[in-house]
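Supplied in structure tokens, the structure appears directly below.
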């Protein structure tokens, strides 16, 4: 049964199409390992920065009926300790690892790349979703095609690993940004990062629920936004896409694939359906394939491209 | 009991704080009337354009677990017939009416204003959320502070009615846009319009559910985004805000008020809770006030402003 | 209840040149007069009344009119379509003597209603009208239900000659003819149901002033979930997709737009 | 179950200089060892074990350590705090002879557990250890439960002299002394529960190798809903906020990080 879910991603055979995305269950080698054991075909590290980051004070997550807000604030142990966890994971598992890194300028991204080159990671993911740094036109880095181009190009020149650009949904023209990444040499895209951000208020205490006040939206509420952006990007580009954003059940994953995703990320749903969510969704994908007479994952059709 | 919900908006006494927003139950005078009878304190017309618009082909709405996508495509009978409905409504009701108009340039907005000047409407709302027209820098009208300034200023000069600028949430810097509207003479803001847009896919037929493929998100999924933008805007501006986006129960309305809204719009929730939703939420607001010892609506505190 | 389901067409039956019945295997659980919104995702999503609904099969009966229905006529058994619903109010299920007055593609709804009324022990009389024999619908299906059917065509090519309105007038006025049914309170029927073109209903309204009745209305529908406001009826603001499509006498009597105008897809009023 | 609730502090009891018990009127429906996340929205949201839970009241017992708990200590009855939970696994409710070994601010959890065990008919012995008399916790409350409590302090200022580990060793080794309890299978207790500083648990582990037991762990918690991965235990990837904080013997034995290191808020490993 499992064989039917095999696929290829950047030349590597991937046994299962689901990806553990950055920031979910990935602070330790054992978190990556349990996710892989539960059916993630690829796992991603927490976005690592040059120095350790404490992140924001709590509450760092806020739940509402349609998803989560989070303001973990890119807490991570720093690139050195982060890579130690990844190497330790690779000692025990064949599952490919995406090393996610975060910075706000080309220099730091390059430094991070040099570290990652020496690790046992399989892919390098650039978290390009920073909304707090602006280019010369006052456009946030995440939305600046020029900044994205510069960073990806610089990293591409020195990276030993294939490069995945992780894109923010909070931009006017996703295709412009994605094309900049592709032109600069990105081998694949990962999208979408969290939406918004948003805010929730505790009405009894008249306070924002998150101490950071604002937090990115994830979970079911963002699925339509993810599908739209993935579809637009798939229609215009030639590199593969890891699609994510609100995938909770098998049918969500099918939607992602039809919108253009090659692999599908499952993050917030770990909360809704447990760490077993990967195997649950794998099974649901197989059920969908049975019902609709698709033999293999790659037989699932994509939408006609946008013109 | 109802007296405790009285408030003031731009110098007018408003009996109830809930607003029927543009696009909901407002194609006919009788739709406005039934909404007012069910507890809307102010009602808004469909966004009217100079000429009638058929809108998109169906499906024009798509439901998902966290809200709705709509692509009605600004269908409306045109400003002349639209104002006839409004006048007919005003013959039967004292409830204030916001006349919403939509255009993509200053000229057309001005022409619309001339029509509205001759109507019995109480407020003029400019739907400034067009994502399909761009300024000279390639920025969508909705996100262009210059375009917003120009339009609001031109309309302000000729409008007999107080002006409400309805803002799109899909911008990098809401405060910049809101300030432009305020500086140009907007008397109030209405926010937020729909988010995204997004897409949903029918997996059996491998087709986008909406014939227009993409549609704006409304309902519970957008509430945190609305709260955040309203709070930022409230913190930076001095004009009142009609807050909306996902308000479904009384506590949502309280959150809107605490974030900075003077009045609260309820749109998609008409689907979830029936046309009686206004009175249901009015009652829930009163219950909240009782539980937390607020005598009047205006005693409900706001969050401390952002610095 | 409003979730979208996507189904293969299980059966197609040609009723007349312009009318086909499509059946689907699905437990829809609809009531008579409720409708679905149907789309093929090729442009357009349109309301159709349920013409039959059993535990696991339901059907709609469609008249080819414009772009959408023409495309639907080209579909074959096994093709997918996607539906939402069932939506809206349903007919009151009366007991006693009831009269159903139907015209055109609105008659099939009465097939479903007749079944339900019969199960409820009502004594059903149905006036099934059409312009001409070729457009006359469901006469065979209805005859199998064991109810009293009065077939009629405007041109007399099938059944009695005359419109449904003519027949109704005759039936209600000529006490001699209808004597056997007449009741003490002067009403011939305990309940009357009307489904057909709006002007037919308008013409029937004065004839039925002594009766209790429900009318089945049609207005342009977009969302079908009560928010777009396209289907409201003046001056009540009744949404036909939620509070309708069936409206009872006491509401019908208040409708100023009934028989006067309806609204098109832009919301513009169109005079009848 | 994980929804945020915002409650007024209903009662505050001073236990020691550094420890207070806060009670809340709410039907939390928690089990022993489960915890809540508590915040005042002034910076920080922290895990605290339930130290008692009845149908409509629950309490937590807090040690003042850093910024957050210091602020909490300034709150008064009637002040609001906001909580999520209860989260996590709970202790197995055993029957027969059971031993509870507790140290420091982890002892109050055992108050709640003891009540539940007693109701279940278990014969409870509890070793309640602290460094010194002033830090010794809950001795009065526990004595009222009708269980056997062995109080102990490292410096002998209250109860027996020695650590909980010393006492346990003595109890389990000196068969003569413990003769009356000993069972045929060589186990003195049907089940052992341990809650306290990690190094205490580590020291107890070899002593308990013949017993069935559960340990209550603590790791840095952020989300408490199983997604941030900050609280996982190597090498199993067990999330203490979901699969823990109570872990059974067969899992404890596989934990390579137990007593070796934990992770701080950045995820960095901190050696014990």
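General remarks:
Chains: A, B, C and D, in written order; residue numbering restarts at 1 for each.
Methods note: a residue touches a chain if its C-beta (ideal position, glycine included) is under 8 Å from a C-beta of that chain, and two chains touch if they have at least 3 such contacts.
Bear in mind the structure is a predicted one, so any value in this text is a computation, not a measurement.
Hopping across touching chains, the smallest step count from chain A to chain C is 2.
Between chain C and chain D, the least number of touching-chain steps is 3. Relative to the C-alpha centre of chain A, the farthest chain centre belongs to C.
With centres taken as mean Cα positions, chain C sits 37 Å from chain B. Rounded to whole angstrom units, the spacing between the C-alpha centres of chain B and chain D is 52. Each chain gets one centre point, the mean of its Cα atoms, and the points for chain A and chain B are 34 Å apart. Annotation for chain A: residues 204, 207-208 touch two or more other chains. Across the assembly, chain C contributes no residue that touches 2 or more other chains. The touch graph of these protein chains is an open line. Every pair of chains meeting the contact definition is listed here: A-B, A-D, B-C. Considering their complex, residues 2-4, 6, 37, 39-46, 80, 82, 222-223, 225-230, 232-239, 242, 263, 265-269 of chain D touch chain A.
Within the complex, the chain B residues that touch chain A are 64-67, 69, 137-140, 143, 170, 172-173, 195-201, 203-204, 206-208, 213-215, 217, 220-228, 231, 251, 254-255, 258-259, 288, 292, 301-303, 306.
Only residues 23-35, 37, 46, 52-55, 57-63, 68, 70, 72, 75-78, 81-82, 85, 92, 202, 204-205, 207-209, 211, 267-268, 270-271, 274-275 of chain A touch chain D when the two sit together in their complex.
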